[in-house]
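The following pair of complexes shares a single chain, subunit A, combined with subunit B in the former and subunit C in the latter.
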Partner chain A sequence: MIRQITRSNEFVIAVSIVILSIVMTIVNPAYFTLANLFGMFRNATVFGILALACLIVMISGGVDVSFVAIASASSYITLTLLINRGFQGSALVAYLIALPIGVLMGCINAFFVSRFKLPTFVVTLGTYSMYYGFVLFFVGSGYLYTLPAGISAYARMRLVTVRGAEVGTSSLHPSVLLLLGLAVLVWAFLKYTMIGRGIYALGGARDVAERTGFNIPVVQFVMFGLAGALASIGGVTQVALYRNGNPAALMGSELDVIAAVVLGGAAITGGRGTVVGSLLGLMLIVILKSSLILAGISAEWQRFVIGVALIIGTSLPAIRGARLRRRPGTVVAG
Partner chain B sequence: MNSDFLRLEGVNKSFSGVEALRGVSLSIEPGKIYCLVGENGSGKSTLIKVVAGVYPPDGGDIAIDGRIHKRLQPIESIHAGIQVIFQDFSLFPNLTVAENIALNQEISSNRRLVRWGEVKRTATRALGKINVKLDLNALAGDLAVADRQLIAIAKALLENARLIIMDEPTTALTQIEVRSLFNVINRLKQDGIAILFVSHKLDEVLQIADQVFVMRNGEKVLDQSAAGLDRATLARFMTGRTIEFDESQSASEPDQETVVLQVRGLTRAGAFSDISLDLHVGEILGITGLLGSGRTGLALALFGMLKPEAGEVTVRGKTARLESVPRAVRSGIGYVPEDRLTEGLFLTQAIDNNLVICIVDSLRGRFRLLDRGMLRRSAVDWVNRLRILASSVRMPVSSLSGGNQQRVVLAKWLAREPSVLILNGPTVGVDVGSKVEIHEIIRELGRRGMALLVISDDVPELMSVCHRILLMRHGRIVEEFSRSEFTEEAINRMLVLA
Partner chain C sequence: MPSAGRGQQDLKMDEESEVTGDNTTAEVGEVPAGFKEPKASRLNVDGRTVFLTLAALLIFGLMSLAVPETFPTVANLDSMAFQLSEVGILTVGMTLAILIGGIDLSVTAMANLSAIVAGLVLLNLVDANATPERIALAMALAILAAILVGLVCGYFNGLLIGRVGVPAILATLSTLMLYSGLGVGITEGKYLAGFPEQLLNIGIGKVLGIPTPLVIFAAVVVIVNILLNYSAFGFKIHMLGSNAVASRFSGIDNSGTIIRTHMIVGLLSAITGIVTLARTNSANAAYGNSYLLMTVLVAVLGGVSILGGYGRLTGVVLALLCLQMMSSGFNMLLVEFRGSNFFRDFSWGLFLLFAMVVSYFSDRGGMQAFWRGITHR
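Presenting the complex of A and B:
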């Protein structure tokens, strides 16, 4: 049992995070402060929610790149709508409007993937451009700085605030709880629902999944719908945390999210991946970035270091896997 | 006759004019083990699929428990208790043993949520029926082939199987694993479950079967109790011609003077140690041993794929430094892998491209570019010499039958004219007719003066082609048998003593 845990990917990443943290605390004592911790959580919140969306699709054996476009498009459409109507109410309304838009966009992905049996990567590469272009043309392309009052209030909410001597005040935004709640939800969905198991089955052996009696189109619609929903929640959260609406806000960050999920042990070919692993993978990337800043290393090097981490992180299981010898079968007595 | 579980009566099936099954009748009683043998294309697979309800027959009746089904649906076949275990076992490599076993039940109970406690209990119960203990939390993909097969059997039992059809179940198993599988099958038999065992391996068939069906060209040509059968009879019915199992025909004596391959003290910790052997011109040397005995490791080391830690190899008197595959090839060593499909061929490429891959450097014409005409001539020549059945050398290799694919791999290496050719499991997954021909090719190579190292756990095969057989155990050569000492019992006994 202990061996099983220490062999797991999650364990390796967790250990990496701990080691990195110890090193950073020695290099720069500013690392191990609540202020820095809160900053990192803040950076991780939106990407964490998006990583959940990316993860479920990746388990099924597909690489979704459209989730950032869904996040940006659904939140920008929602925001434009609310501002045009002069709505000033709760941020919850923004979530509730963005959600069905995200689900719809996810279902469009599902439609092409399941109806025409196209690879997820190709379909979502197409819809990525489509959703983004749609928003630019029909909705607008400008930055929206004047948020509805309710969303501004949400943006200012604090769970905890600390006053540091040097860095001023820093605080923890409640959206961290939203991320944790969604993580638990997705974890339970993957582990305890038949459709969740269907996603693993689909990623493990598609034809066997069909023969076993999984309704593949249903699995795909639920999965992409959920991914779309998560993306839209991520999008609205992003608007609140950064206090502006921008149709391109998240565009380009899909590769970071995919990297985090892969680093977290999800197989890009499907069948493997966990919520805990993905979030740890994301934390590792966030910590690496923030460590490099604190260590005074230039931003250009961040990308390089993340690339190295990704390659080392993904080749470790391969190296360990190669060492596994073929085991002889169990001998059954007559 | 009333005790029949399944009865086929004059079943016909054709695909676009080609008759795959012609008037096949047979009956299956509970608690008996049936073997279905036949060469590739004899209609075995079609027969299984008809019984499974996948193909509707064009004519004839299928009766289950006396009830006649004109159009048997797959789901009816399953509900009636017919379970087919295909070669891929229909498992999810990324899911645990427990989930793989219980998943069908979970789905058919139409639940939306998974009850993990119930999944474990179901799996334990199913494995208990065949007296097997497996780690329920292990991933199916991490298990040995034999264990995955046990999962598939356990899964079938959960569906209240009354007839389990196994398609080539022993192909990827070692001898011990085969024996273990037979124990499971015998236990199922005692529980009144009928088994239909599809196989190429005649020895296994004779060992396990109560009743044997032989198929040829879509017809059932033999339906007899296994008790009075021998290999030669079975092979004759399968191929429609007499196949010699005479082991003395192996031909020419090797030239005992000239050593082609000399190995001294070759060692690699954990794989093999202190291996010394001499291989002469025209000699066919067999190496056998159980899985883990080091036989495959030795072969890989000789082909530069596994680096030995100590020892020396000389080829035709010259020290060969086998650090990589290109070096081994340059030293004059060729290797035909066990899994010809994944290791030896580019399946989607044309036959001619596969044939010339090792000699492509010598087919360059002017401007050092590839000469297509020369390539074509060379390929056609090899196709004729090895009697590869192909309509054109431009067809992809994947269009050939297993035996012909194996010949393409052979030809590919022969074209290079290596001094030593290592054959690892040369007839794994090949039907009887092709097997005999491949054996003849191996003998022919020996006669032409090539030195061959044949690695196999098929002892009768080694006995029929080799001049000498070396037995490996725990990484060492422990026994040598010369031709006069060949008896299957003796070698099998040595194998089992591992």
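Presenting the complex of A and C:
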């Protein structure tokens, strides 16, 4: 049992995070403060929600790149609609409007993947371009700074506020709870529902899943619909946290999110991946980024360090997998 | 004894990977992409080539009708040629990476890193009162340095994929971060600029009235096409891409082939980097980010099987032509609207999905299957 835990991918990342944190606390005591922690949580919230969307599709054996386009498009369409109507009510309404748009976009992905048996990566590459192009050309491309009153109030909400010694005040936004809630939901979905297990089965071996009796199209539609829903929630949260609507804000960050999920142990070939692992992988990247600044290394080297971390993070399992395969008599799953 | 043991283990491992290999082909369709080839080989064209040729002609005709005073002009063809060439060279690289059954997400990062290194060489060797000979020497050294960077980056990609065994999409995602991070770090995120004017000859000059980048692109297409279709190495690439297990049992050095292919991809990226450096007279780690997805789009649209093993450069070139004409045409058509290039993105996405659906049905017996597909669901 203990061996099982220490061998797991989550454990390795958790240990890396702890070691990194100890080193950073020694290098710069400002690291081990609530203020810094809150800052990191804030950075991780939107990407965390998006990582959940990316994760469930990756477990099924496909790489989805369109989730950032769905997040941007659904939240920007919603925001434009609300502002044009002069709506001032609660942010909940924004979530509720964005949600079906996200689900619809996810289902468009599912339609092409399921009906025509096309690779997820290619389909979502096309829809990525399509969704972004649609919103930027037909809806608008400008920044929206005057948010509805309800969303502004949501943006100003605070769970806890601390006065940091060096960084000034810093506070925890309630959207962290949203992320945690969604994470628990997705975890339960993947673990305890038939369709959730079907996603793992589909990613592990499609033929076997089919013959076991999983209805593959249903699994795919639910999965992509859920990914679209999560993406739209991430998009609205992004608008609230950064207090403006910008359709291109998340453009290009899909690779960062995929990197986090992969670092968290999800197999890009499908069948493997956990919610906890993905969130830990994301935290590792967020911590790496903020550590560099605190350690006095200029922000320009952030990308490079993440690249190195990724190469180590992806090479080690590959080497370990090859060694396991070479050992006679072992059957390697995945 | 040890040799016998190894053989047995190898077999075990290959049985396993064979099963997964079967899965991936079954996923796309019951018929492998190259299956119908013998039937169509008389004219050496396939359905995709016909579709793309018709699409290209149709787009050209429609655009010429829609904007007759600007689209079918020499000036426009000229400007399209410049825009097309850079993406084109990069796409040839991407095609090679996809052909061996992988992908290379680091192509733009390698191009930018090569351009940055070349730029640094130029800036350090050439000052305001340098003689023409010195400038020529510096330019030669800069190009050499860029090519070296491309080869090394490609080698590292190949090493991760071929020897360490990291899936290509992951390995190159990591190196995308690594190379572009290196570029940002070296330049501190700033633009490198102020290169000698002679450099512009490569970027915006002309050879016999043809834009130099187009000449370079054409040369790349011809050479890579010969390499793919008339050399042993090209055969190995196709073999590796269509069935890695079979290729290893035929005595092909799989990891060596992967490494060499990725070195060529690196080289092509470096050439793109040099052309971009010469055209814009500047270098930056963030150039051409949108090119990355575009190269995949062009390759897939051009009929390159995303699972590897099958694809033709003619299709890729035709797809590139289609997309470029769509993009230029829509820009002219929608010139009075804001953000007309966003409509381009929208149309590209639609076009990709449309082409995939068409090829799905042409793989399954053309219009009949299309009709059945509609009526039975």
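Simple rule for what comes next: the second predicted complex is superposed on the first by the 323 of 334 C-alpha atoms of A that agree within 3 Å, B and C clash if a C-alpha of one lies under 4 Å from a C-alpha of the other, contacts with A are read in each partner's own complex, and residues count from 1 in each chain.
Simple rule for what comes next: a contact is a pair of C-beta atoms (placed from the backbone, for glycine too) under 8 Å apart; a residue touches a chain by one contact, two chains touch by 3 or more.
Quantities reported herein were computed from a predicted structural model and do not represent experimental measurements.
> First (subunit B), second (subunit C), both or neither: which does A:Gly271 touch?
first
> Which partner, subunit B or subunit C, touches the larger number of subunit A residues?
Touching more residues of subunit A than the other partner does is C.
> Once the shared chain is lined up, is A:Thr212 touching subunit B (first), subunit C (second), both, or neither of them?
First partner only.
> Should A:Thr314 be classified as contacting the first partner (subunit B), the second (subunit C), both, or neither?
second
> A:Phe116 in the overlay: touching subunit B, subunit C, both, or neither? Say first, second, both or neither.
In the superposition, A:Phe116 contacts subunit C only.
> Considering only touches as defined above, state whether A:Phe41 meets subunit B (first), subunit C (second), both or neither.
In the superposition, A:Phe41 contacts neither subunit B nor subunit C.
> Quick check for you: in the superposed arrangement, does A:Phe67 touch first (subunit B), second (subunit C), both or neither?
In the superposition, A:Phe67 contacts neither subunit B nor subunit C.
> Tell me which partner A:Val262 touches in the superposition: subunit B (first), subunit C (second), both or neither.
second
> Same subunit A residues contacting subunit B and subunit C, which ones?
205, 326, 328, 332
> Give every residue of subunit A touching subunit B within the complex, in rising order.
Residues of subunit A touching subunit B: 4, 191-197, 200-201, 203-205, 208-209, 211-214, 267, 270-272, 324, 326-334.
> Hey, which residues of subunit A end up touching subunit C in the complex?
Counting only subunit A, the residues touching subunit C are 63, 65, 112, 115-119, 121-123, 125-134, 136-138, 141, 205-207, 252, 255, 258-259, 262, 268-269, 298, 300-308, 310-311, 313-315, 318-319, 321-322, 325-326, 328, 332.
> Spell out the part of subunit C that touches subunit A in their complex, as residue ranges.
5, 8-9, 12-13, 16, 20, 23, 26-29, 105, 160, 164-167, 169-171, 173-182, 184-185, 187-189, 289, 293, 296-297, 300, 306-307, 337-340, 342-350, 352-353, 356-357, 360, 377
> For subunit B, which residues are in contact with subunit A within the complex?
88, 90-95, 99, 103-104, 106-108, 111-114, 116, 130-134, 137, 142-147, 149-150, 173-174, 176-177, 180-184, 186-187, 291-292
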